[in-house]
Structures are given as structure tokens and as C-alpha cells.
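Okay, got some structures for you below.
The following pair of complexes shares a single chain, subunit A, combined with subunit B in the former and subunit C in the latter.
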Partner chain A sequence: MSIEALGVTKKFGQFTALDNVDLEIPSGELVALLGPSGSGKTTLLRIIAGLEFADSGTIRFDGRDISDRTVRERQVGFVFQHYALFRHMTVFENIAFGLRVRPREHRPSREKIRAKVQELLKLIQLENLAQRYPSQLSGGQRQRVALARALAVEPSVLLLDEPFGALDAKVRQELRRWLRQLHDEIHITSLFVTHDQEEALELANRVVVMDHGRIEQVGAPDEVYNHPATPFVYNFLGNVNLFHGRVDGGKTYIHERETGHLVYVRPHLLDIARLPNGGDHFRARIKHINAAGPLVKVEAVTDWGALVHVEMPQDRFSTLHLLKDESVFVIPRDLKVFKVHEAER
Partner chain B sequence: MARTITLRTTSRSAATSVAQGATLESPWVRWTLTSIAIVFLGLFLFMPLAVVFVSAFGKGIAAYFASFREPDALAAIRLTLLAAGIAVPMNLVFGVAAAWAIAKFEFIGKSLLITLIDLPFSVSPVVSGLVYVLIFGLQGLLGPWLRAHDIKIIFAVPGIVLATIFVTFPFVARELIPLIQAQGNDEEEAALTLGASGWQTFFRVTLPNVKWGLVYGVIICNARAMGEFGAVSVVSGHIRGLTNTMPLHIEILYNEYQFVPAFAVASLLALLALLTLVVKSVVEWKSQQDLKEPEEDWSVEPA
Partner chain C sequence: MAITLKKRSILPGFGLTLGFTLSYLALIVLIPLSATFLKASTVTWTRFWQTISDPRAVASYRISFGASLIAALINLVFGLLVAWVLVRYTFPGKRLVDSLVDLPFALPTAVAGIALTTIYSSHGWVGRYLEPLGIKAAYSPLGIVIALTFIGLPFVVRTVQPVLEDLDKDVEEAASSLGANRLQIFTRVILPAILPAALTGFTMAFARAVGEYGSVVFISGNMPMRTEITPLLIITKLDQYDYAGATAIAVVMLVASFTLLLAINLLQKWSSRGQRGESREEAVIAGNPLEPSFVQ
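What follows is the complex of A and B.
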């Protein structure tokens, strides 16, 4: 089922959580709503779910206006950041809940409910924990139960609010992969909220980057990462070096002072050399080297005192044999220029 | 920081291993405080309770049970049960509704409602009784109208029930408000997204989560309803066999120097108090159990 938001605005008192947001999510996609806290991403998700109502604007499922429908009528699957499992019910009862509360004429028989719950328990690989209570499960297990519970009612869309936010890094990785697989199997239109850019880029087909209640960019992960539409997106989707600059006759010059343009360069798009290569470069002195991890992180100070972060593969680092306090040339391979007023918007 | 403090105190008083950390007091302070508390409780709580039972059985078991065969005593017990039987369910419904509204919603007049719930705690029961007399009494605000329609509230059973409801008003609500607030909205929202109606959400999710608090509120409410003296005394009129509750009956007997019957009926209220304490302990233990995670891994096959 496709989801559309048209001109959605929501205010909480003086605070504008969503400012005239338009968004279209085609059926069957796995979409990430990415943004810092306070960007309005959770509010948008809750408005789509019907847990919150917009001040103005329309929500459509498959082209039908459902703005006035209650959460109950919308039949969405919702997964909460802190699981929100019913603590007085077993795993089995939690998953069966959505089926058991149906009006009598739509309620499946006991056997059907049992079969459905078993099927979902198998899907989340927790078949032998059916009689446990939520307090007896680990965080990752709880979140899988929450997902199974949401899927039990066969929702038209699946909405996840920071689904991995409360889990530790390793479990988060596993669950991400698992959710990806699950989505490949059941193709339910899914929308998840996250503030973790890595998670959004890894998991989603499409990423919606939000800031200050507005959508900054929508696109495939590689698109938003490699071709960020705004300085905010560039900044938010990874580490960045920021320089003042000037564009003159198709050439970009890096300056010490403000000159009308801002130059963004990702650390891994900078290279270091001992000799100028005849192309673009600037001088810097190496201040700190961190060689732990797959990438070596080098901190250098430019002639005019700005700090530059450079990342390079281990083998490049070992060929170079860089030393602390050494004077080197920094060579940008790619950069992105925004006008200052654009960046300050 | 905490570790260094622990190290220091354990080396200073290695002999005592009961208390630990920065809050450790020297033994004589602890013993003195404990003894003061025990002596105080013994003198002012345990001894009076013992006296009730000793006096009640002062002339033997036969005399004790004879006290309850008295028609006036039976009527008093019956009236007390009736008043509590009406007041407790009403305050249960009211308390749950008010706690739900206060904990879940923001509305105009919310703080006023909270204040009103606390009012019976802060007003002397005698005053609340008098207020009812001033409203429903013969010379009161509604007096002429009530007389015209032949409705008797003051110096009759309805007045006693009303006064009991008033003084036991806060117990259930007060117990539930912090509990429901602490639960948050997540589970209810989850239930709604799963298609549950408002009532289903309330009965299947909200209520089970606060059930022990509710039980506790109800037994405390009941204890107070049965033991209330001041407000009921004002509105009752002390008509023997008709408008006397157990506490009023006890007072009358005592004033007539009928010590054994007085203490015999009093012992019933004392037993009720003890029962309340037992139920309270069980409830607390149960809710602890609900929160605790069991030690062993009980991988039960799915049913």
C-alpha cells in the first residue's frame, strides 16, 4: 500500500514540528525517515499511524484520504522504540492480542489464532519462548516480539519508531539485517524512523532526510550520500571538512576568511602527498594519527590554522609512512560547494 | 567515588557487615534508633490492640459471642457492611475514572480536580458531616424540598452512606494516579494500533497493569469506610438499631459501661484492620513478584 502525505503541518504550542511536508512512499518500499532529534520525523510517523493528528494537510493510503480515520481504522503495524509489549501477557498472548480483540464476526477461531502466532514465532525465531513474559526477554528478543505482534494483524503498512534505538550495537546490526531479509520476504510497505545515518543508508531503499520539520532530500541511499542536495544533508550523512571558499571562472579557491561560498569535503575524499601533484592542493602539518580500524584517521592543521580530517586505507597509510608534525600536501579528490546563505538556511 | 567511600567505611567497621557504604552509622546509633521505634510501636500500637482483645474476652468466650447476638449489634454490623458495600464500589469506579483522566489527559480544571480529590483528607470528618447536615438537613438548603418529597437523608441510612463515600473518596484515586502516570502511554497506543477499542484497551491493558495498586486502594478504602466515626456520627442521629454503625455502636456501649460488648464489637474492627494488613502484605509481595524476573530458565514448550 502506498503512503502519501500532502502539506502536513503540525505545531506543538509555539514549536513547529512539521512545516508543510509532502512525501510519497510507493507500495512495497522500505523507507527511512532520517534526521536529528526535533526534526519532526517521529511526529510524521505518528501522524501517518493516526496516533497524532495533523493541524492541516492530508494523509492518503493508496490514494484514499484517511486523515480523519482513527489509528484503529487505519490498520497499521506500529513498532515502538521501547517495545511497548504488554508486560502482564506472555509472548504468545502479546502476539495474539491484535487477533483476539477483533469483533466477534471477524475474529479467527482459537486454532487459527494459535497457528498464526506459531507461524510468527517461527518467523522471529522465538518458538520456544512463547510462554515467557516480556521481562524475561533480552532487548533484541523483545523488539522481535513487538514486530511479530504488529505483523499478526496483517497490517497494510509497517511503521517503526526508532526500532533499534534502545539496543546495543551488535544486536542492532543483527536485527537490521534480519529486518532487511524480512522485508525482502513479505514486501510490506515499511517506514522507519532513525537518527542513525548508517542505519538509514544500510537498511532502506529510500532515505528521507528531515530537518526542522521539513524534508531536505528524498532519494536512494547512494544518491543522498553522493549527491546531497543541501549542506545539511551533506553534513548529516557523514563526517565532513568545512572550508570557506570562492568560485571564480569554474575554479574553486579555498580561503581563510568568509568569501560567500562554503566548501564541503568528506575526509575519505582527501588524500595526502609529500609532493604537490601539480593539481589542486593545500599545505598542512600532521597533528595526530589514529591507525586503529580499517581506515587511518589523520588530523592536520592548515597554514591558516584550520583543522582538517583525512581518512585513508591502511595500505595507503603504510606506503606513505606519515609521521606526526610532518608538513604535507592535502589533495581534495572531490568536493561540494554551497553558497553561504544556502548553508545557513 | 562510591568505591572509595565503601573501602573507607568497611575498613573502619569491618566487624559489622549488615549496612554498607556511606550511609553506615555506628552500632549504638542504630540500636538506639531501632529500640526507640520498637518501644514506641509497642506502647502506642501493639498494646492498645492487645487491650481490645483482652477486654473483649474479659468475661469469657461465651460473653464475647453473646455480644454479637444483641439485635442492636447485629443491626450496626449490617449497616456498616451496607455503607461500605455501597461506598467502596462507588469510589472504585470514581477513583479509576478520575485517576485515568488525571494521569492520561490535560484538561482545564485538572489541578482543581486533584485538589478536590484531596479535600476529604484535609477537612475534618466532623466538618464534612456537618456540611451534609447543612445541605440535606431539615433546616438545610434542600431540607424543605426533601421534606415535601418525603425523602429522609440526614439521621437515616442515605446520609450515612453519603458521609462514608465522602470521607473515603481519595483512597482509590490517590493510589492509582502515580501508578497510571508511571506506566506511560506506550502500551495503550500499541493496543490501539492493534485494533483494540478504548474499552478493550482499558480492561485488557491499563487495568491489569495497575491491578495490585487497585486492590490495595480498595482494601484501604474499605478499612476506612467501615471504621469511619466522625462524619457518620454527625449525620447518623444515633438511633439504635437503625442508624448506628459499628464505631457508633461501640461508643454507645462504652459510654454505658458495657465494656465486654463494646470491646467485642471493637475486636471485629481490629480484626478487619489486621486482615487489611495481611492483604496489603500479600498484594505488595505479589506486585514484587510480578516485577521480579525468575532466576531459573523455564523454557516451556509453546502451549
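What follows is the complex of A and C.
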């Protein structure tokens, strides 16, 4: 089922959570709503779910206007950050809940409910824990139960609010991969909220970057990462060095005193050399080297006192033999220039 | 034995605090209670049976436990309502209402009794409108229920309130997204969550009501066989220097109360299955006074 949001605006008192947002999600996609806290991503998700109502604008499922329908009538599966499991019910009862509360004429038989729950327990690989209570499960297991519970009612869309936010890094990784697989199997239109850019880029096949109640960019993960539409997106997706600069005759000049332009360079797009290579470069002094991990992280200070982060592969680092306090040339391989008024919008 | 009991723990002073707790409980609760049993055992079995099965005594048990049960049930229902309103809604004067709930705790029970009697007697503010309807509030079993409801009001409110505050809104939202209607959300999600706490409050209100004396004696009229509560009967016997008789009836009350409280506690344990170690009502259960103070 496709989801459309048209001109959605939502205010909480003076605070504008969503400012005239338009978004279209084609059927069967796995989409990430990515943004910092306060960017409106959770509000948008909750409005799509029907847990919150927009001040103005329309929500459509498969082209049908469902703006006035309640969450009950929208038939969405919703997964909460803190699981929201029913504490007094076993895992089995939790998953069966959505089927048991159906009006009598639509309620499946006892055996059918049992079979459905068993099937879902198998899907989340918790067949042995059906009779446990949520308090007896780990965080990752709880979130899988929450997911199974949402899927039990066979929703037309699956909405997840920071589904891995409360879990530790390792479990998060596992669950991410598992959700990806699950989506490949059942192809349910899924929308998840996250503030973790890595999670969004890894899991989604389309990323919606949001800030201050507006959508900054929509695109495939590599598209938003490699071709950020705005300074915010560039800044938010990965580490970045920020310089002041000026563009003159096709050349970019970097200096602290310059105004008018902002120059963004990712650390891995900077190289270090002992001699200038004839191309773009600036001088810097190495302050700190961190060689742990696949990339060596070098911190350097420019002539005018700005801090520069450079990342290079281990083999490049070992051929260079860089030392602390050494004066070197920093060579940007690629950079992105935005006009200041554009950057500070 | 001493070795197996001694577990390594980061919390120091287990032995000391447990020892203190046990001696304290013995001093405050067990010794006075066993004195009751000892005193009661000074009479012969026939005499004991005669005292406790006296029609007047039996009538007093009925009125004491009956009125307490009704009052605790009223408090259960309306306490839940008050807690719900105090937690879920914001309205001007909410804090004032919130502190009003505790008033029955602070007020001397005799004052409460006199106040209630004044209001509900046939010339009182409320009593005068009940009289033409044929309802006699003061000097009747109804008056006892009113007094006991008054003094038991805070218990359910105060036990349910924190649990209700703790109940995440997203649990209700989850139920709603799964297709549950409002009634189903209340009966299947909210009620089971607050039931253990509500039962605790109910138990405490009931225990308090069974032992209540001060407020009831003013409003009940104290007619033997009709509006005489058991604690009053005990006092009457004490006034007649019939200590053994008084304690005999006290023993009956004690055993009956204990049995009832135990039953409710078991019920509570059953209703809180799956919530162990997670919810805050555990703390409330632990703090539940099992013994009613039966003579004030």
C-alpha cells in the first residue's frame, strides 16, 4: 500500500513540528525518516499512523484520503521505541491480542489464532518463549515480540518509531539485518524513524532527511550520501570539515576571514602530503593521530587555527610515516560549496 | 545454616537490618497480638465459645465485616475514578483536590464522626433531604458505611495513582493500533495493570474499616444487634472489666481479618503475574500492613 502525505502541517503551541510536508512512499518500500530530535520525523510517523492528527493537510493510503480515520480504522502496524508490550500478558497473548479484540464476526477461531501466533513466533525465532512474560525477555526479544504483535493483524503498512533506539549496538546490528530480511520476504510498505544515519543508510532503500519540520532531501542512501542537496544533509550524514571560503573564477579559496561561502569536505576526501602537488592544498600541523580501526584518523590545525579531521586507509598511513607536530599539506579531493545564506537557512 | 544464609552482596548490613526488622515486628506486632491470644486462653473453651457465639457478638461481626466490605468496595470503585481523574486530566484546582484526598487521614476520626453525624442526621444538610425519601442515614447501618467509606477513601487513590502515572501512554496506543476499542483497552490493558495496586488499596481500606472505632460510634447510634460494631462491643466488655471476653472477641476479629487479608493477598499475587520485579506496585505490596489496628 502506498502512503502519501500532502501539505501536512502540525503545531504544538508555538512550536511548528511539521511545516507543509509533502511525501510519497511507493508500495512495498522500506523507507527511513532520518533527522535530529525535534525535526518532526516522529510527528510525521504518528500522523501517518493516526496517533496524532495534522492541523492541515491530507494523508492518503493507496490514493484514498484517510486523514480523519483513527488509528484503529487505518489498520497500520505500529512498533514503539520502548516496545509497549502488555506486561500482564505472555508473549503468546501479546501477539494474539490484535486478533482477539476483533468483533466477533471477524474474529478468527481459537485454532486459527493459535496457528497464526505460532507462525509469527517462528518468524521472530522465539517459539520456545511463548509462555514468558515481557519482563523475562531481553530488549531485542521484546522488540521482536512487538513486531510480531504488529504483524499479527496483517497491517497494510508497518510503522516503526525508533525501533532499535533502546537497544545496545550489537543487538541493534542483528535486528537491523533481520528486519531487512523480513522486509525482503513479506514486502510490506514500511516506514521507520531514526536519528542514526548509519541505520538509515544501511537498512532503507529510500531515505527521507528531515530538519525543522521540513523534508530536506528524499533519495536512495547512496544518493543522499554522495549528492546531498543541502548543507544540512551533508552535515547530518557523516562527519564533515567545515571551512569558510570564497569562490572566485571557478576556484575556491579557503580562509577564516572569508565569508559568503561555506565549504564542506568529508574527512575521507582529504589527503595528506609532504609536498604540494600543484593542485588545491593548504598547510596544517598534525596534532593527534588515532591509528586504531580500519581508518587512521588524523587531527591537524591549519595556519589560521581551524581544526581539520582527515581519515586515510592504514596502508596510506604507513607509507606516509606521519608524525605528531609535523607540518604537512592537506589536499582536498572533493568538496562541496554552499552559499552562506543557503547554508544558514 | 549461617553460612548458607550469608550471601555476598554489595548491600551491607543484611544481618543487622533483618535482625532489627524481626525484633521490631515482634515488639510492635507479635507480642501484643500473642498477649491477646494468651488472655483469651485464660477462659474455658465453653465460656470462650459462649462469648464469641453470643447473638449480640455475631450481629456485631456481621455489621463490622459487612459494612467494611461494602465501604471498601465503594472506595475501590470511586478511588479508581478519583485516581483516574487526578492522573489523566489537568484542571484548575487539581492540586487542591489531590491534597483533599489525604484529609481523612489527617482528621481525628472522632471529628470526622461528629461532622458526618451532623450532616447526615435528620436535620443535617444532607440528612434532611434523605429523610423524606425514607432513607435514614445517621444511626443506621448506612451511617456506618458512610463513615467507613470516608476514612478509607485515600487508600485506593494513593495506591493506584502512581501505577496509573507509570502506565505508558504508548501501551494504550499500541492496543488501539491493534484494533481494540476504548472499552477493550480499559478492560484488557489498563485494568489488569492497575488491578494489583487497586487490590492493595482495597485491602488496606478494608483493614482500616474493620478496625475503625472513633468515627463510627458517633454516627451508628450503637444499638445492640443493629448498629453495634465489634470494636465497640470489645470496649463495652472492657468497661465491664470482662477482659477475657473482650480478648475472645478480639481473637475472632483477628483470625477473620487475617484470613480475609491473606485471601486478598493471594488474589493480588495472582493478578500481578508477569509484572513481578518490574512495576512499582511491588513496593506497595511490600508495605502493606497485614494487621488492622482493631482497637483505637
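Note that in this section the second predicted complex is superposed on the first by the 344 of 345 C-alpha atoms of A that agree within 3 Å, B and C clash if a C-alpha of one lies under 4 Å from a C-alpha of the other, contacts with A are read in each partner's own complex, and residues count from 1 in each chain.
Assume a contact is a pair of C-beta atoms (placed from the backbone, for glycine too) under 8 Å apart; a residue touches a chain by one contact, two chains touch by 3 or more.
Small disclaimer: the values here were computed from a predicted structure and weren't measured.
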Checklist entry - Will subunit C clash with subunit B on subunit A after the two structures are superposed, or do they fit? => result clash
Item to check | Partner chain(s) touched by A:78 [first = subunit B, second = subunit C, both, neither] | outcome: both
Checklist entry - Should A:121 be classified as contacting the first partner (subunit B), the second (subunit C), both, or neither? => result first
Item to check | Touching partner for A:171 - first (subunit B), second (subunit C), both, neither | outcome: neither
Next on the checklist: On the A-aligned overlay, A:98 touches which partner chain: subunit B = first, subunit C = second, or both, or neither?
Outcome noted: both
Checklist entry - Which holds for A:88: it touches subunit B only (first), subunit C only (second), both, or neither? => result both
Checklist entry - Thinking of the overlay built on chain A, is A:134 touched by subunit B (first), by subunit C (second), by both, or by neither? => result second
Item to check | Overlap of the subunit B and subunit C footprints on subunit A, listed as residue numbers | outcome: 49, 51, 70-72, 75-78, 80, 82, 84-88, 97-98, 101-102, 135, 146, 149-150, 152-153
Item to check | Contacting residues of subunit A [partner subunit C, same complex] | outcome: 49-51, 70-72, 75-78, 80, 82, 84-90, 97-98, 101-102, 133-135, 146, 149-150, 152-153
Item to check | subunit A contact footprint on subunit C (complex, rising order) | outcome: 168, 170-171, 173-181, 184, 188-189, 192-193, 272-279
Checklist outcome for this item: Per the touch rule, the subunit B residues reaching subunit A in their complex are 186-187, 189-197, 200, 204-205, 208-209, 290-291, 293-294, 298-303
Next on the checklist: Which residues of subunit A touch subunit B once you look at their complex with the stated criterion?
Outcome noted: 49, 51, 70-72, 75-78, 80, 82, 84-88, 92, 97-98, 101-102, 118, 121, 127-132, 135-136, 146, 149-150, 152-153
